[in-house]
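Two complexes follow with chain A in common, the first pairing it with chain B and the second with chain C.
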Partner chain A sequence: MSRRIIIVEPRGLAPWWLKLLIPIASVVAALALGALFLMLTGNDWIEVYAKMTDAAFGSGRGFAETLVSATPLILTGVAAAIAFKMLVWNIGGEGQLMVGAIAAAGVGIWLGGGTPPIIAITAVVLAGAIGGAFWASLSAVPKVYLGTNEIITTLMLNFIALNLMQYLVLGSFSPWRDPEATQFPQGRPIIDSARIPEFFHRLDWGLFIAVFVAILAWFVISKTRTGFEYRIVGDSFNTARYAGIRVPKKVLGTFLLSGASAGLAGSILVAGILGKMDPRSLDLGLGFTGIIVAALARLNPIAIIPVAILMGALNNAGPALQSIGVPTATVKILQGAILIFAVAGEFLIGNRFRRPRESVDETPEPAKEASAA
Partner chain B sequence: MNDSVLMLTVMAAIGLGTPIVFATVGEILAERSGILNLGVQGMMLFGAVMGFWATFQTGSLWLGVLLAVIAGAAISVIHAFNSVTLRVSQIVSGLALTIFGTGVAIFIGRAGSSPLVGRPSREIFEPIFPQSFADIPLVGPLIFGHDALVYLSWVIVAIASYYLFHTRPGLTVRAVGEDPASAEAAGINVSRVRYIHVMLGGALAGLGGAYFSLALVPSWQDNPIGSAGWIAIALVILASWRPWRALWVAYLFGAAGRVNFTFQTLEINIPSNLLAMLPFLLAIIAMLILASGKRARLLGSPEALGVPYYREER
Partner chain C sequence: MARNKWRLLILLAVVAMLAAACSSSSDEETTTTAASGDTSATTEAPAGEPFKVAFVYVGPTEDKGWSWAHNEGSKYLEANMPGVVITRLESIPEGPDSQRVFEDLAADGNQLIFGTSFGYMDPMLAAAENYPDTVFMHATGYKNSANMSNYFGAAEEGRYLSGMAAGARTESNLIGYVAAFPIPEVLRGINAFTLGVREVNPDAEVQVVWTSTWFDPPKEGDAAQALLDNGADVIAMHQDSSAPGQAAEAAGAGWVGYNTDMSEFAPNSWLTAAIWDWGPYYLATAEAVKAGTWTNEPFYGHMSDGTVDLAPFGPSVSDDTKALIETRKQEIIDGTFQVLPDPIVNQDGVEQPLGDIFSMDYFVEGVIGNASG
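Up next, the complex of A and B:
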């Protein structure tokens, strides 16, 4: 073997400041890359970033819209985080969100107009969670009982859900389609009493449901016995097995809860700002953006809240760029770059560097062979 | 008979299937070396826009194809670096590549004072044989009715299949995808093999993207490729990681894309959304039946697919 100047080896625990620094550095690096890109295409990057900051945070209304955009991202972020933590590669947040929306709108249409708001809202919101969990179960059950790769099944189910949703409103005269909209098909409005009330511009109480879910996820994972068992499974299936934990049950549970969280994002959109199942507004990549949120938050449910606000700010700022002649896609470039840097940064967190000592002939075995699968 | 519904469907299936053939064969090469790349959609879109741009600037189709291939390979290096050198999550890295590539493609299409979006291509790929050849019943259109890239796709499928299953370097690739530690012990540079095949995958995805923007959809739109990149990922499984099967399943789904239109001419009405579900539904069913648990091995799924390889250092 050739002599190496620096040895790279996996490490157990990274210092806390590094775990904070890497995500921040990822965002800064992505912004720098974005600035370079904007300069190369003849744009004034300072103007662009100033415009984005102003649109996302510059006014009460703008910040309210940022939080409106952040709300579903908190939930899809939690969905990705709790699954990834357990090495369940649920990348089906998109589909689970859509089926959650289908279920929520279905209940919201079916309920009678006289249903008291508290019952109607609860029913609609929970229907979304159940719908999301159901859609996740289509991948979770085969994974646990047949060993089917969930990466591919969740991915495929996204497209099935998308087409199902479009079919219900655009392609058929289903109960989800507004019978009064004859020219351009749209979703049928849910009953008024099932709408989540707004409290500041378009911002509604759904934000607090999302924040509550994030805090609950953090509490359960970090502070309870169940969460402890889940963390053991996430670290090593074998350790968990030897400790007498029923791994398949835990994997199934995580998967369903993950789907429920994504489904909740769908129902909060339907019962909140949309008021109906609108296929276009539900096909914005919120599930995939949730994966960016989870990765940047390093799968920590509390950190998901500020990260989702950041991503919401980017999404909210995009359309404002059109007024200065800059493509909205700038936002997608930034989000993609943030995720690329954040995932690359995991290398720095997961490994340490040292100079080789003289005549050292043992290095630790790689400890985490499954964690980066 | 060359105008029969069946023949028109078959021809459309080949046309619509060709870009997916490129992308699927590319992903097969990457996955055979053990790297799952979920960035196909992003690489295809980046290739599509760069190919369109180069042809728009130069008027040369082949320069467009060349740039698309280079662009796809170049952007795939991001994923190779993340998954081979840094050994971080291949899943998250691939998704990142898709988001990034999509953003860059849309941006390039809309940037500047006279953006590409909405513009027709200066040139588009046309059938290369004279019409009189294509007028021969049955074999005419099937053999002589295509543009150059369709023939190129057949050549690439044949080469990829021969390479993987009948050559020593191909055996090396499969060894790296099955058992990188043993491959390394046999003197193979695992990282190099994986880099090369991820980049080949990127190059073919870029080529597939260019087929959309230079042959199928001859004007630039934000997303001329639909969800072809994702379909390619599904088809890798249906093709059980074999290039020839990739050709047939891609044509099958090309046909599914066309069937809607065919059914309408036959006055059978099936909603297009339900047909659009078909490739994804079939991929899931195939996975449940054929690729679950240990059977995935029998089907051909590389053993070390998606698992980062840590070299034994001493």
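Up next, the complex of A and C:
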């Protein structure tokens, strides 16, 4: 047996302060590494961070734009979190968002111009949720009844959704394509009364729908009997089965709700800032970024809200940094660094390090590095 | 189970990060290569009252294609207008997210903002409404307002001439055309090219393959390969990448590029290309805005004003062909030759009125393919 220098072992339950400290320390460490990187590439890191903060939070409009970017990420984050919590590996948020957008725009075009806003907006927003749930069901039903691997099916369905969306606008004269845009194919605008009103710059009420969904998800999971059963399923399918919980039904329900949340992100974009189903504006990796948001938030729907705002801020800081001469790639490196540090921090919450014992009677000493990251 | 769950989650998060980075748009993906250049840096102004001009590009400026050509124009402006301060933002995705970028630039005090991709049209229009004291110039679009206008150029003039070079080069009498999207701009190019081909070689035909991309080197290279496999011995293209040229070079076929002189990528295959020179127009526009004489009259540049030109010829273009092309070029400049005649013979061999070239939706005789994609 080879000698190991450090032994990694599960920590058991981490104290609450460690759970809070490690994610914050991860972000700080990532920013410190980023500062080093900026210095090595000849940039003034203080100026860069000041500009990033200013662009994302420095003005009313900047903060509104940060929240605009955060809104779909909250919903795709919730979509990933509730699925992953139940051991459902739905990585199809991307495609579910797109199909949600297709459904939402379809209803928004089909409704007559005279529809009252409250009905039109509700119909369009719900259509997105249903569209997303439908797309998720294409993976969920085979998983539950045939045992197919949902990682593969949801991933593949992302590409089908993308091509379907492009076909509807770029490749055909479907009702989704604007007949008046002759120079370049564009989505047909939905009726005005189906648009979610803006209340501060470009920020619309969709933000509150997203926040409400996140809080609702948290409440149902943590505070209700149904949520308790779901949590048992999430800990172990077998335990749940022994406890008399009908696991397939729960898995199906989780999967559909996850798809509905991602679809909602699509419909809020269509009814909000987009006003149409525009393929170029929906192919931004929002579903995949939602997985990152969910992971950083440790699958806690409430924590998803601040994490999504942070990701939105990082996204918006990119072009602002270019205007002071920093390439967008630098922002991507910072984003990547934050994720990697957060993932590493996650490992430290669940595990601790110690030196191997030299003799039998030496007591194990927990390593101090655990809290230093 | 719970520990495995975290491991899988971490793995998924990392995969999602990669996917999110790749899916946003292939333009953005190449930012890393562009980041090494110094083109995105803000330029320091010489002494005097600064006049701030911003350029927003959809792709990386190092693509040697569309964005590169516009960036060369911005450099010309920089060199010829004392006191101008230029901000360049590259790889900015189209769609409503770009509105924030345009508004940030206006808020930063830029008096003139150029956006060089079609998908910026509506976001620029909205930004122009919010910043009435800033002039917005949109390339390739058709909407204008009190402080916004649009500009483009007659690439078809250069296309016709490059078609003559292709028609002289082909021996199989089949020319492959890697086309972007079935929109009037692209159709004009294909039609003018084909008319040029058939002026020197009435038996030759042009086969069109659509990629639905502006910049996706692997896909465009594959499309060129498919055309070569089908018997084409000259490749023409519309997109911003040099991949079709590299496929042609490997197959020993001829290549007609677009946007810029790309001969360095396929020196033996290179025939010529329709290219852009935006510099003089950018200078004239900036001076008009500064002097207060700017109007929102749209601009359509021609070979006669230097906006459109023909790239230097490759080694396989014979002196006879060069002389023939030069003669035609002079006639186009003098206005004695129309590259798109009225009436025009369509794909079915039927003579029809030319119609509005900005909403062209048909192919001319000699094109193999479907004009609606």
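By definition in this document, the second predicted complex is superposed on the first by the 341 of 373 C-alpha atoms of A that agree within 3 Å, B and C clash if a C-alpha of one lies under 4 Å from a C-alpha of the other, contacts with A are read in each partner's own complex, and residues count from 1 in each chain.
Just so we're on the same page, contacts are C-beta pairs under 8 Å (C-beta built on N, C-alpha and C of every residue); 3 or more make two chains touch, one makes a residue touch a chain.
Here the structure is a predicted model, which means the values were calculated and not measured.
A.B. asks: When the two structures are laid over each other on chain A, do chain B and chain C clash or fit?
C.D. replies: In the superposition, chain B runs into chain C.
A.B. asks: One more residue to check, A:Leu126. First (chain B), second (chain C), both or neither?
C.D. replies: neither
A.B. asks: Just checking: does A:Leu21 make contact with chain B only, chain C only, both, or neither of them? Give me first, second, both or neither.
C.D. replies: A:Leu21: touches no partner chain.
A.B. asks: For A:Ala29 in the superposed arrangement: first (chain B), second (chain C), both or neither?
C.D. replies: The answer is neither, since A:Ala29 touches no partner chain.
A.B. asks: Under the stated touch criterion, which partner chain does A:Ile291 make contact with: chain B (first), chain C (second), both, or neither?
C.D. replies: Touch partners of A:Ile291: chain B and chain C.
A.B. asks: Applying the touch criterion given at the start, work out whether A:Ile91 contacts chain B, chain C, both or neither, answering first, second, both or neither.
C.D. replies: In the superposition, A:Ile91 touches chain B and chain C alike.
A.B. asks: Should A:Glu346 be classified as contacting the first partner (chain B), the second (chain C), both, or neither?
C.D. replies: Both partners.
A.B. asks: Is A:Ile152 in contact with chain B, with chain C, with both, or with neither (first, second, both, neither)?
C.D. replies: In the superposed model, A:Ile152 contacts chain B only, not chain C.
A.B. asks: With both complexes overlaid on chain A, does A:Gly42 touch chain B (first), chain C (second), both or neither?
C.D. replies: A:Gly42 sits against chain B, while chain C stays out of touch.
A.B. asks: Looking at the overlay, what does A:Ile245 touch: chain B (first), chain C (second), both, or neither?
C.D. replies: A:Ile245 sits against neither chain B nor chain C.
A.B. asks: Which parts of chain A are touched by chain B and by chain C alike?
C.D. replies: On chain A, the overlap between the chain B and chain C contacts is residues 10, 89, 91, 151, 166, 170-172, 285, 288, 291-292, 295, 327-330, 332, 335-336, 339-340, 343, 346-347, 350.
A.B. asks: Any idea which chain B residues touch chain A in the complex?
C.D. replies: 36, 38, 42, 78, 81-82, 86-93, 95-112, 222, 227, 230, 233-234, 237, 271-274, 276-277, 280-281, 283-284, 287-288, 291-294, 296, 306-308, 310, 313-314
A.B. asks: If we count contacts the way the header does, which residues on chain A are in touch with chain C in the complex?
C.D. replies: Touch list, chain A to chain C: 10, 55, 61, 65, 68-69, 84, 87, 89, 91, 94, 151, 166, 170-173, 182-185, 202, 235-236, 273-274, 278, 280-281, 283-285, 288-289, 291-292, 294-296, 299, 316, 319-320, 322-325, 327-330, 332, 335-336, 339-340, 343, 346-347, 350.
A.B. asks: Please name which positions on chain C make contact with chain A in the complex.
C.D. replies: Interface residues on the chain C side: 1-3, 5-6, 8-10, 12-17, 19-25, 28, 31-32, 34-35, 40-42, 54, 87-97, 99-101, 103-105, 107-108, 118-119, 140-142, 181, 183-185, 212, 358-359, 361, 372-373.
A.B. asks: Name, in rising order, each residue of chain A that touches chain B in their complex.
C.D. replies: Listed in rising order, the residues of chain A that touch chain B are 1, 4, 7, 9-10, 37, 41-43, 89, 91, 142, 146-149, 151-153, 155-157, 159-160, 163-164, 166-167, 170-172, 285, 288, 291-292, 295, 327-337, 339-340, 343-344, 346-347, 350, 361-363, 366, 369-370, 372-373.
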